[in-house]
Every structure is written in C-alpha cells, then in structure tokens.
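Consider the two complexes below, in which chain A is the common component and chain B and chain C are the respective partners.
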Partner chain A sequence: MSLLTTLARLEAVRAGVAQPLATVRHRHVSERPFALVPLAAAGETGAPLAMLLGSDREHPRLLTVPQPLDRDLRFAFLARLGDELLPYLESFGGDVELLERNVKDPESGEKTVEVRELCADAPQLIVPNPGGVELLGLFGRSTRFRRTAEDPDPGPYPAPARVPLLGRWLTHLSERANVPGSSMLLPLTSTLARHWATGQSSLEDAHLGALLAWIAPPEGSRGEQAASRAENGRDERGQLLVPPAGPATDPDFDSLLLAPAVTRYDAARSAQDEPLTRARAEEIEALLRSVLLPVWHQVWQGIDLLRELPPAAHVVERWEGDRWSYTGHRDRVAAGEPPQPLHDDAVTAARKLAQREREQVRVDLEEALDDPLAMAEHRLAGQAFAGEVVEVQPDYDTSGRSPKPRPLVTVRTEDRPHLDPGGEVHRAGGPSTQRAELAWLDAEAGLLTLRLLSGMGRKKEPEPGSVPEQGEQVCFTLFELSARQSAPLPDPEDTPWTHGGPPQ
Partner chain B sequence: MSTHPSPAAAPTPGEQADAAVAAILASALHGGERGTVVDSPPGAGKSTLVVRAARELVATGERLMIVAQTNSQVDDLVDRLAQADAGLAVGRLHGSDALPSEIATRHAGVVASTKAADLRELPVVVATAAKWQWVRDTDPWHHAIVDEAYQMRSDALLAVARLFERALFVGDPGQLDPFSIVGTDDWAGLHHDPSQSAVVTLLAHNPGIVPHRLPVSWRLPASAAPLISDAFYPFTPFRAGTESGDRLLGLGPATPPPPAGLAPGLARAADEVLDVAAESGWGLLELPARLTVRTDPEAVAAVAAVVARLLARGGEARSERGTAPVDAERIAVGTAHRDQAAAVRAALAALGVTGVTVDTANRLQGREYDVTVVLHPLSGRPDATAFHLETGRLCVLASRHRHACVVVTRAGIPELLDAHPATEPVQLGVVSKFPDGWEANHAVLEHLRRHRVPVG
Partner chain C sequence: MNHSTHPRVDQPLTPLEARLAALRGDAAARSMDARALAALAANPGCDRRAVLDAAGVDKASLAARLGSPAAFGQSPFAITRGLVFERRLRADRCAELVALLRSELLPEASAQTPVEVPDLLPSEGPAVRAARTRVALSEAAAAASAGRAWTLLDRPLLRLDVAGSSVSLEPDAIVVGPDGRWTVVEIKSFPILDGSADPTKVGAAARQAAVYVLALRATASALDAAAPSAVRPAGASGAGKPGSPYVEPEGLAGAVRTTGLLVCPRDFSNVAVAAPLDLRKQLAVTRRQLVRMTRIETLLAALPETARLDEAPEAVDALAHAYTPDCLAACELSFHCRTQARAAGAVETLGRGVRGELGSLTTVEAALAATGEGEALARAARLREEALAR
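Our next item is the complex of A and B:
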C-alpha cells in the first residue's frame, strides 16, 4: 500500500467516511450491464446454490438448486443460466463496424486490404466480488467439455443443449477478467476500492456491505458504525442483517435455515409427492431470495456510485480491447472451434502472461495520465514531478549536418524526483511524446533545467506549441509513458526442447 | 604433488573447484544431454567459469552465443572475455536505446552492433535475453551459454531457445527468483509456468540433466561461508576458499571527529559496530523497536553513519589478493526498496560521502565489495510479506562482501517473524523451495545476535 493510500485511509478514519482515491472513473461501466449475484453451496467446490441475475434492476431473475448435491438439478440450473445469459451475450454480436487494414500476403508478398469486423459494443457482467469471478470460471470449467444429446456420442449423461456453449463463454469472460484494466467481467468490490479509500483494511474492503457502508454511510452514521453493523449485526433469529455478497453463505444461515429446508425438500421428493416437492422448492427459493435481494440492491448502488464519476480519458480505448476480445470469441464460437483447453501449452501461457504484463503497465500509465491523484503517487515516490516553467532558452545541437532544436526548459517544483543530471524524463500531457534529459539541478531552490530531446518536429526551429512556455504547468515522469512491445514467441508447434517440444 | 595426491589428504579448495570445472566443461562439450546446468553459490567463480567455458567452446571452432540478463552484466562479460583473450573478436549485440558501456567497447576486439547479421560470423556474440528475443532469420548457433540463468524467466528462454542447439546454464539458485507484475496463479504447477525460472522449466522437461555444483566460494570469507551455506544452501553446502586468518580488515582509530550532521551517540555506536564487524566479519546495529514508514529516517541515518565512519577512519583490507585501502568504491549499501536506496543516497550526500554504491538487492546481484552495509528488509515493518521474506533477497544482501557485513535494523524482528508464519497458499505441482525465507531469516538473525551493538 502506498503512502498516499495509507494517508487517505487515515483521513477516512478521521472523517468517518471513505475518501476519494481517484478523480475519474478508471473502468468502463456499460449502459446496459448484466448483474449476477451467485451463491455456492458449502462443502463442494464450484457447486451452484442460487443466483440472482439480470440487466433489469427492478426485475431480477432468481435461479436456485434446491438440492445442491443433485447433478441433474445442477445442470438444469446451468441450462437456465444459459437461457438467461446467452441471449444477452449474443445480442452484441450483430452490430459491427468494419475496419480496414493493409496486410501482406505471406507467400506472394502482395499487399491487400483486409476488412475486419469489430463489434460496436460488448457485454458487461458485474459480480459483487472476485470470488464471483472465480465461481463463474469454475462453472465454465465444469461445463465447457460436457457432451450434449446433439453430440454423435452423447454418453450416458448428456448435458442440456446450450450448457457447453455457456461454459465456453464463462471461461472466456473469467480469463478476460484476469487482464488488467479489462471491464467485461467486473468484480465490484475491487473496482470500488480502486476509487475510494475506506478506514478499514483492504481485506475488510472485500465485504461489499462494509465497503458501501464506508463509501455511502446512512444519514447520521459514521462509516465504522455502519460497516460494523454490516459485518456483525444479527436479527432475533441469529441471521445477519446484511447477508454476505457470496459466493459463500453465512454458516448460521446454512445450518439454521437452509439445511432444514433442504431436508424437508428431500423428504417430499423421496415420498414422490410432487405438489409438496414444488412447495418445498418454493420455500428454499424464498429463503435464498431473502439473502440475495439485499446484495442485489448493493450491486446496483455500487454501479450508481461508479457512474457518478466522470470516465477517465483512456477508458474508451481500453474498452475497445474488451470489444476485440468479445469479437474474437464470437468468431471462434461461430467457426466451430473446440472449447478452450484445460491447461495452456507453454507458448499460450507465455503469450497470455506477456499480454497481462503489457496491459498492467499500460493501465498504470494511463491511470497516471488520466488522474492527478494517480500521478501524485508517482510524484510522491520520486518517479515524477510537476511544476511551473520559469525559463525557456533556445539551444541547438549542431553536431550533425543540420542543427536540431534542443531548448533548455527550467521547471520550478516542490517535488523531489530521484533524478541525477543526464537522467531521462518523459513529458506527461504534452502535445506529443517528448523526451528530455536533466541538464542540471538546484535542489535547494527546487529548480530543474531540462534539455528537450524530441517531439519538436524536423526543422531547425521547434514546431509551434511543442515547447512549453514560461508560466506553463508541466509534468514529467522518470518512466516511459508507453508499454513496451512484447517479444515474438514461437508457434506452439515449434516449442523448443527446453520446454518439452511441441504439445502432443 | 597434485599428480600423486596422498589418499588421506582432503582436497584443497583449489583442487575441488578444478575438478568441478573439468566435469562441467566435459559435459557442456560432449555430454549426452543438450543442456548442462551449473549451480553456483555466491562468489564461487561463476564469471570465471563462463569466460573459461567460452574460450574452450570457441577453441573447438564453433561459434558461440552468450545470453545474460542485464546490459551491465553483458558489458561486464564482454570486458572479461576481452581481458582474458585480447585476440578474441567479441560481438556486443545491443538495443538502439541501450548503448554499450565504455568498459566493453574500449577493447580492440569488441564489435558493437544493433543487428545480429553484422556479428553473425564472430566467434562470440553477447547480448541480453531481451535483445536475443528479437533476433530473427538466422541459422541457430551450435553452442550457447546462459548466464544468471536462475534470474531468467521461463518465457524468455522459450523465446530464445530456437537460436541454439546446446546450452550451458550458469546461475545461483539462492538469489532472487524472477518475478512478474501480474498474478500467475493460472499457471502454477505447470511444468512450463512462464513466470518461473528458466532452469526450473528446463530441468522439469529434461529430467536427464543433473545440475553440477561449484563447491567453493572465493568471495565469502571464512566467517560468512558457513552461515550462508547453512542458512540458504542447506542441501548443497559449500566452503570458503580462504581460511579465517587469510582475510584481515584493519580499521583506523576512531579519532576523527564526526561531521556536524552526525549525532555523537550514533557515531559512537557506528564505530563500535564497525570494530565488531572488522573483528568477526559481522555486525548488527540495532535501533529501538518501532513501526516506521519504509524510509525510516533513523535507520537511514544509522546506515549513513556506519558508511561515513568507515570512510572517515580509513580501513585496509588484507587478503590473498594483497592489501588495499577500503575506499568508497569497495563499499556498498543494500536495501529492499528503491525509495530506501534513494533515502540512503540523500543521507550520504548530506554527510559529504560520495562514490559508495547504494542499490536494491535486485541490482546488487552478482556484485562484490569489501564491506557491505545492509538495511534489513523487515526493519520497522508491521508485517512480513512474501516479498520481504523472500529467501533470495536476504541471501543477496548478506553475501556481497569479501570482509565484513553490517546489518542495520530495528529491534523485534524475531517477534515479527513469529507473528507472521508463511501463509502463502499451497499450489499443487509446485516444488517447495527450501529453506523458506522465514527459516532463513531466523537463522541469519540468530547468528547476528552475537555481534549486536544497540543504538541509544
């Protein structure tokens, strides 16, 4: 945790309300998001118990598994989840924009124009917390390889028709959620915690109810009281006032209410009393609805809070990455490609890691450029400085054939960058990318004299507007302002001997 | 003598090391496996081995590529190769924004270029792994040497392995593991986890490769080798190449008055811990227990005080290489974080001290000094995270010195360790590393406790 975040948390404790960590919203929030609040059954990994879902906040759909250990009921649940979710996911596939790019034919070397489709928008799924993302990934893993009645060899236990397709989408979405800066499957707690500092630990921030209690405490109450009530408050039946946002349920709910209800359901079912079984299943539904509905409202409250922040400048650009990701998966499904493998081969794993590292660097840089509070972290760490230009002196590099502009810009700053003469800096928020080096510094007076090295055009005199003027506010960073390209990797069939050769 | 060793006499360190090197070269040149792996403890002559292996491989008439991890490592290697054989033409392949250092290009035989094609015909070409990854459209080299292979990531090896047929991998398994800025749990337990070290992947896919070991540390003094060997290499012990009387650190009297910026009490404690370290090879300067920010001003001042007093008193290092003064160039300060290093640099500058290397553990890897001053990674912390407990970090910091190492810390670290047992999730299929950082930290502190000097 950075010093600035620690400070913000201390301020939050004093003020009794969460403090902003961002001036803008760093994640995309769709106009038509699809919220899911999943619950998992205790005792078995990835066993669904219930889910409240939908894109209509007034009319959520409830799906339940009255006996979570029953595989048929589980897959009936997943089939209904597919019925709810797949139409939403597929609804973005039709509206496309056409992009042209020049490509060279690898064999003939001829240049041709390739037209590619990019979906105009992409779906956005919002779950309460990272545990929800993980659970959806587990659903994907347990369903994408299932055979259905339509398969040539359906096997003894065919799954409902669209269940494997749902698994492939859930797998794709949960993988995409691991790419830094992506917004296609968004866990709410970590997204909110990126934008607000509460007066509690980051572990406690993982509780959606407590987190919202800090960000928007009820009238007349302080964050810590509201959070404490959200975490520990119980009613006369011993049930939590604010049920946990899943996927795990409260053990007291399980043992006092849910388990007896499931036992009654089992009894009715084994007596083959259909009306009674249905009544018992409805009892379970009512129970689960009572613990899911409060979370449902919290999720939409969180979305509202995020929507109040203006979007950061680079969010649209990053969302385009999600649109490409969506379009790519849509095309793979349409082309009839097999489901994603259980494990990545060596080359795919390395490619994914490279992509995630590149995106992490990119999102850190873009957040710093978009948000003065994010840049302040770097300034405090001595990795950036901001200040006013107090003097500009034209100067030239005459070593080459024609003189090049190398003006000296003196900046007064109160920041203390870890920078020695000769060190390279990069201009943030300038008209174009611009490098400079520190010519000399007067640490006492806070004066840094920089020699601009690039971004001034090709002529002897710098392009108008490319050199900051006296009195202008400028900001420079010690780190480069674009992510480095990743090195090429071999094709999977060329995996070298050091990595076990090509995958079988 | 050496042709008729008496069966009873134990081999000398020199004989042990020679036998190990001969076996390594035989395996690299003619072994049945395409890869040869050499594990080298700190200061065991890894660089010497690389230079020697390079010359022997070149002598067979084959062209050789060498992969190192950082530009400064590449420049160092080129310099060593050129010094060892002035007639050897060495290619220094570099990126367009990373010009080679003068220490590499000053040699007549060194050719620097950004294009592999320009250097293709030279007997040896050296570059970083990051640069080699971009080399395309070229026939593979027959031999490669991969230096600091334990700091190379598996995905980097995946990108360069197409360039060579056989390779000698040299590195120190006890130093810092490679890391990633993103989570890598998705691949934990896979043989080819792209975030693990290149050697781990190589050995998992080529079970026939049995790592060789260099058995003698020529850098670490007799006072340090047993501790480092026990704490960090419990299953692959090594010994010091010198005996306890071979290295002496003589300090001048503590008479020069401390400069104005240095509190007299702190200066006295610094003098005392320096005397202890000169005598025993280790010193622990302990500040009162306190939770602090990372750049703890008192701890930073104490580190600066030790360095300033050492330089003010003047020291003389006597070793098998002869006698030399301990000047600023021969002293290093090691920290866990970059902001700590920056704070120490500022504190030293305020005391008028220049020329002392101050850097993080990551950047001190592979370097060697007479005296090191270490800011303990856990000093003043409220918690012991995996980063601060990493075995390699402490190992790097505690094994850079030829004579003495002074550790500066807040009191209370054993209690902190006891309150924070390792809680990293266990991943299926991942081989546990021994010793873990928790245990290694305890072992080192237990030893340092005997050389403790309290402040205030």
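Our next item is the complex of A and C:
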C-alpha cells in the first residue's frame, strides 16, 4: 500500500465514510452486464449450491442444488447455468467489425491485405468477489472435459449437451480475469477497492457488505458501525443480517437452516414421495434465495457506484483487448478446437506470463496518465513532476547538416524528482510523445530547465503546439510512457525440445 | 471443581498450572493444539492470546460474553466431508493410508517390508498417551535400525514446552521409515487439484506440521537423553553454524525429516493423494517465534491474583493485545481486540504494513495531525488535495 492510499484510509477513518482513490473509473462497465452471485457447497471442491444470475436486475434467475452431494443434480444445475449464460455469451459473436491489416507473405514476400473480424462488443460478467471468479474457474475445470451423449463414446456418465461448452467459456473467462486491466469477468470487491479507500484494512475490504457500508453508509451512521453490522450483526434466529457474498455460506446458516432442510429433502426423496420432494426442494430454494437476494442488490449497488464515475480515457482501448480475447475464443470454439488443457505447455505459459507482465505495466502507465491521483503517487515517489512553465527559450542543435529545434523549457515545481542534469524525462499529457533532458536545475527555487529532444516535427521550427507555452501546466515522468514489447518467442520449430519444441 | 478434559492427572498441578486453572475458572479447558500454536507463532507479541491459550480458555465463548462474537466455525457439511475422508484413510488399521505411504515414502527395494501399526491407546489420558507414544517411537526406531519393519504411528501424542507451560500435540500420523527417518504426516480435506492446492491452506498446514516436527525433535532428544547407550554419531558435533536457523540437530532428533507429507483428496474425488511439504522455512520461523515468546509467568503479572475469566471476562483487557487485521482469520477474540484498537486509534487497524510506513506516527490522530504545514505528511496531503481538486 502506498503512502497516499494510507493517507486516504486515514481520512476515511476521520470522515467515517470511504474516500476516493481515483478520480475516474479505471475499468470498463458494460451497458448490459451479466451479474452472478454463486454459492459453493461447503467441503466439496467446485460443487455448486446455488446461484442468482441474470442481466435484468429486477428479475434475477435462481438456480439451486437441493442435495450438493448428488452429482446428477450438480450437472443438472450446470446444464441450467449453461442455458442461462451461453445465450448471453454467444449474443456478442454476431456483430463484428472488419479490420484490415497489411501482411507480408513469408514465402513470396508479396504484400497482401488480411481482413480480420473483431466483435463490436464483448460480454461482461460481474461477480461479488475474487472467490466467485475462482469458483467459476473450478466449474470450468470440472466440466470442460466431460463427454456428452452426442460424443461417439459417451462413457458411463454422459453430461448434458452444452455443459462442456459452458466449461470452456468459464475457463476462458476466469483465465482472462488474471490479465491486469481486463474487465470481462470483474470481481466487484477488488474493483470497488481500487476506486475507494475505506477506513479499514484491505483484508476487511474483501467483504462486499462491509465495503459498501463504508462507501455508502446508511443515513446517519458512520462507516465503521455500518461495516461492523454488515460483518457481524445477527438476528434473533442467530443468522447474519447481511449474508456473506459467497462463495462460502455462513456456517451458522449451514448448520441451523440448510442442513435440516437438506435432511428433510433427502427423507422425502428416499420415501419416493415426488410432490413432497418438490415441496422440500422449494423450501431449500426459498432459504437460498433469502441469503442471495441481499447480495444481488449489493452487486447492483456496486455497479451503480462504478457507473457514477466518469470512465478513464484509456478504458476503451483496454476493453478492445477484451473484445479481441472474446473474438479469439469464439473462433477457437467455432473451429472445433479441443478444450483448454489441464496444464499449459511451456510456450503458452511463457506467452501468458509475458502478456500479464506487459498488461500490468500498461495498466500502471495508463492509470497514471488518466488519473491525477495515480500520477500523484509517482510525483510523491520522485518519479514524476508537474508544474507551470515559467519560461520558454528557443534553441537549436546545429551539430548536424540542418539545425534542429531544441527549445529550453523552464518549469516551476514543488515536486522533488530524483533527477540529475542529463537525465531523461517524458512528457505526460502532451500532444505527442516527447522526450526531454534536464539541462540544469535550481533546487532552492524549484526551477527545472528541460531541453526538449523530440516530438516537434522535422522542420527547423517546431510544429505549432508541440512546445509548451509560458503559463501552461505540464507534467513529466522519469519512466517511459509506453510498455516495452518483449522479444518475440521463437517459432514452434525453433523452440528447444525442453520447452515443448520438436524432438531432436 | 475442575472440569478439565485431562481427568487422569498423574502429577499434582505446578503453581503455574494452578494459577492458569484458576484464571479459567469453572469453564472446561481447551487443549492447545498445533493450530493455536501456529497462530501464536504468527503473532508472538500478543500477550493476550499467549495467556488465554496457555490457560486453555475457550476464546469463542469468552468473545461472546464480551459482546463481540467472531464468525468462526465450520459448516457441518465441511466437517462431515473431512471426517469421512479421514475415516476412510484410517479404516481397517489405516490400510489405505499405509498403501499410500508405501508408494510415496518407501524406496522400491523396501516396498515389501512389513508395516507395524502399534496401538497408541487413543482413549487414555494425555499423560498415558504421551508415554505410550514415546515407547512406540523408541521401539519403532529399534525396529527400523534392525531393518525389520517400518512403523506408522496413528494419532500419537507429543509434548512440547511453550513459554514455560507444557502443551499436548496430536499429529495425524508419524511414519518411521526403514531408513530410520521420521516423517510427519498431515491429513487435510482440501483438494490437490491438478497437482496444486490453495497456497493459504497449504501454508497453514505447513505451519502446523512444523510445530509437530519441533515437538517430535523434543521427544527424540528426551529419548536420547534417557538412553545414553543408544547409537549416537560420536564426535560429530555439527556446531559449524550454531546461529543458523537451518542447522539440523544431532542424535535421534536429527532423524526427523524436515519434509512433511501432506495427504489430501485428489481433484474432485475422495481418493487420497500425497505430496511432500518442505517445512524448513516454517520450522525456522516457528522455532524463533516460540523462543521469543515471553514466559507466561511474566505475562500473568499484569493480572490480579484473583482474576477469573468465567466470572469477569473483562479482566482480559489487562493483558496487552497486538491486533493486526490478520488476526481476523486466526483468532476468535479478534473483533474484541479490533474494537479496542480502533478506540485507541491505532494505525495497525488499517493493515499490518501501515505501521511500518508511518514510523513514529502510531495513532490515526497523530498521522492526520502530521498532514499540517511543515509536518511529515504535508507533501503527500497537498498532492492528494491538488489531484482531487482537478
């Protein structure tokens, strides 16, 4: 946690309400998001218990498993989940834009135009917390390899038809959620915690109810009281007033309400009394609905809060990455490729890691450019400075054949960048990328004189508007403002056999 | 009257034990287990927890009486599932566990060596069980050195001295292999999925297993001392690096492997799978933290002689706490301590790292005061204000 975040938390303690950590919204929020509130059965790995889901906040759909130990019921649940979710996921596949790019034929060397499809929008799933992302990944892992009755060799326990397809989508989405800055599968708690600092620790922020209690405390109460009630308040039956956002249920709910209801359901089922079994299943449904509905409303409250923030400038660009990811998976499914393997091969793993590292750098840079609060972190750390231009002097580099513009710009700042004369800086928020070097500095007066080195066009005089003017506010960073591309990985045939290449 | 779960008391209570029993009052004693020790080792500065655990106080009911119960507990479904898994492994004189260990731990040449599963008298009192475990361990060591058999000790009982009071620990199992090495086996009900498991859960299991290794080493040294004629590598005084946390002990204690064995269900099934667990780091940390802990007698001095927690739970406030948000996952009393820490304005309530970041500013009030002109946080405060004003 940085010092500025700590400061925001301290202010939140004083104010009794969460304080902003961002002036803009750094994640994409779709116009038509699909919310899911999953619950897992305690003790069983990746076993669903219930889920409230849908893109219509007024009419959520409830799916339940009355006896989580019964694998047939589990797969019936997943089949219904597929019926709800797959039409939403597939609905974005039809509307595409066509992008052209020039490619060089590797053999003939001829330049040709390649047309590629990019889906105009992508689905967005929103779950309460990272645990929800993980559970969806587990559902994906447990279903994507299943065989169905349509397979040539269905095996003894064929799964319902579209369940493996659902598994592949869920696997793809939960993998994508690991990419920094992606918004296709968004855990709400960490997204909210990126934008607001509460007066509690980040561990406590993982509780959606407590987090919302800090961000929007009910009229007349302070954040810590509201959060404490959300964490720990119980009614006369010993049940939590604000049920946990899953995927784990409250142990007291399990032992006092759910376990007896499941026992009654089992009894009715073993007596083969069908109407009674159905009634018992409905009882369980009602129980689960009662703990899921409050969370459902919290999720939409969180989405509303995020929507109130203006989107950051680079969000659209990053969402395009999600659209590519969606299009790529759509194409792989259509091409009949096999499901994602249990373990990535070395090349895929290296590629994924490189992508995540690159995206992390990119998100950090873009957030700093989009958000003065994020830039303030760098300014405090001595990695950037901002201030007013007090003087601009034209100057030229005459060492070459024709003179080049190298104007001197003096900036007055209170920041203390870790910079010595000759050090390179990069202009943030300028008309184009622009490098400069520190010519000299007067630390006492807070005056830094910079020599602009690029971004001024090719003529003798700089392009109009490319040099900051006197009185203008400018910001420079000590780090480069674009993520570096890592060296490409070798082609499959050149990859060493140790890393998955062909045998020698 | 003493409703202790230790009915077969063999020796009279020491003054310290008597004092701790009085503190507990009429409430039943909770025996300190490896989980509690591991939690204590994670926060060794907490006097409150040290005393309460040593006295065997039920912290959950204490927290309820103090009016801030913590949401601790396990779902009955999870408990059932864990029990079913353990029962399956232990059924039929641990047949399934033995088969698994045979394939995991034994070199192929000795895979056919017969296995001993001695009866460790699990229904007896702790003193008897601890003595029985000691005997079984020395027999197993003898059997191993004679090359006759390897031994599986199912639910042995070990004793470990922590901060001046003796703690009973019950590992899931200990294996004495044909090579004479001892391995701690930890059975858990979380899954190993595609060869990997939840790192937090594995970490907790490793900390517990490290406590068992320490207790096992202590027992082994006691066995060594009791039988001076036992085989002992003479002259091998491995005092090369006495200060090193990774130095291996000599004698029988050196037979305890620093790699434990984690036994978990595989993937989505109920089939057991075992994985080695490197405990060296946890061992070094736990040992250091346990040594660092203040002796219980010293901590008890903060309490009045007549304090009884079953009658006056608020007496606990005389003991200093060391609240950090990590406590919320490990201690039943955490909500109570959090309320107190917040009332005192301690900056630790915002996260463990915050204290380090703010240095001498230990309260929220002091830190906020330091945002004033010319103070330590003035620059940060102005930058934040400027960014928000735009």
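Convention: the second predicted complex is superposed on the first by the 491 of 504 C-alpha atoms of A that agree within 3 Å, B and C clash if a C-alpha of one lies under 4 Å from a C-alpha of the other, contacts with A are read in each partner's own complex, and residues count from 1 in each chain.
Definition applied: a contact is a pair of C-beta atoms (placed from the backbone, for glycine too) under 8 Å apart; a residue touches a chain by one contact, two chains touch by 3 or more.
Model, not experiment: these values are computed from the prediction.
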Which superposed partner A:His343 touches (first chain B, second chain C, both, neither): both
Partner chain in contact with A:Ala76 - chain B first, chain C second, else both or neither: neither
Chain C versus chain B, contacts on chain A by residue: C
Which of chain B and chain C A:Leu62 touches, first, second, both or neither: neither
Touched partner set for A:Val361, first chain B, second chain C, both or neither: first
First (chain B), second (chain C), both or neither touched by A:Leu276: neither
First, second, both or neither for A:Leu3, with chain B first and chain C second: both
Chain B versus chain C as contact partner of A:Leu489, first or second or both or neither: first
Which of chain B and chain C A:His499 touches, first, second, both or neither: first
First, second, both or neither for A:Leu373, with chain B first and chain C second: second
Intersection of the chain A residues that touch chain B with those that touch chain C: 3, 343
Residues of chain B touching chain A in the complex: 34-35, 130, 133-134, 136, 154-159, 161-162, 167, 180-184, 186-187, 190-195, 198, 201-202, 205-206, 293, 338-339, 342
Touch list for chain A against partner chain C, complex: 1, 3-4, 6-11, 13-14, 20, 23, 41-46, 68, 138, 141-142, 199-204, 224, 228, 231-232, 240, 248-252, 254-255, 259, 342-343, 371-373, 375-376, 379-380, 414
Chain A-facing residues of chain C, complex: 68-71, 73-82, 189-191, 193-195, 265, 267-268, 325-326, 328-329, 335, 342, 347, 349-354, 357-358, 364, 367-368, 371, 377, 379-384, 386-388, 390
Touching residues (chain side chain A, partner chain B) in the complex: 3, 178, 180, 343-347, 349-350, 352-354, 356-357, 360-361, 381-382, 418, 487-490, 494-500
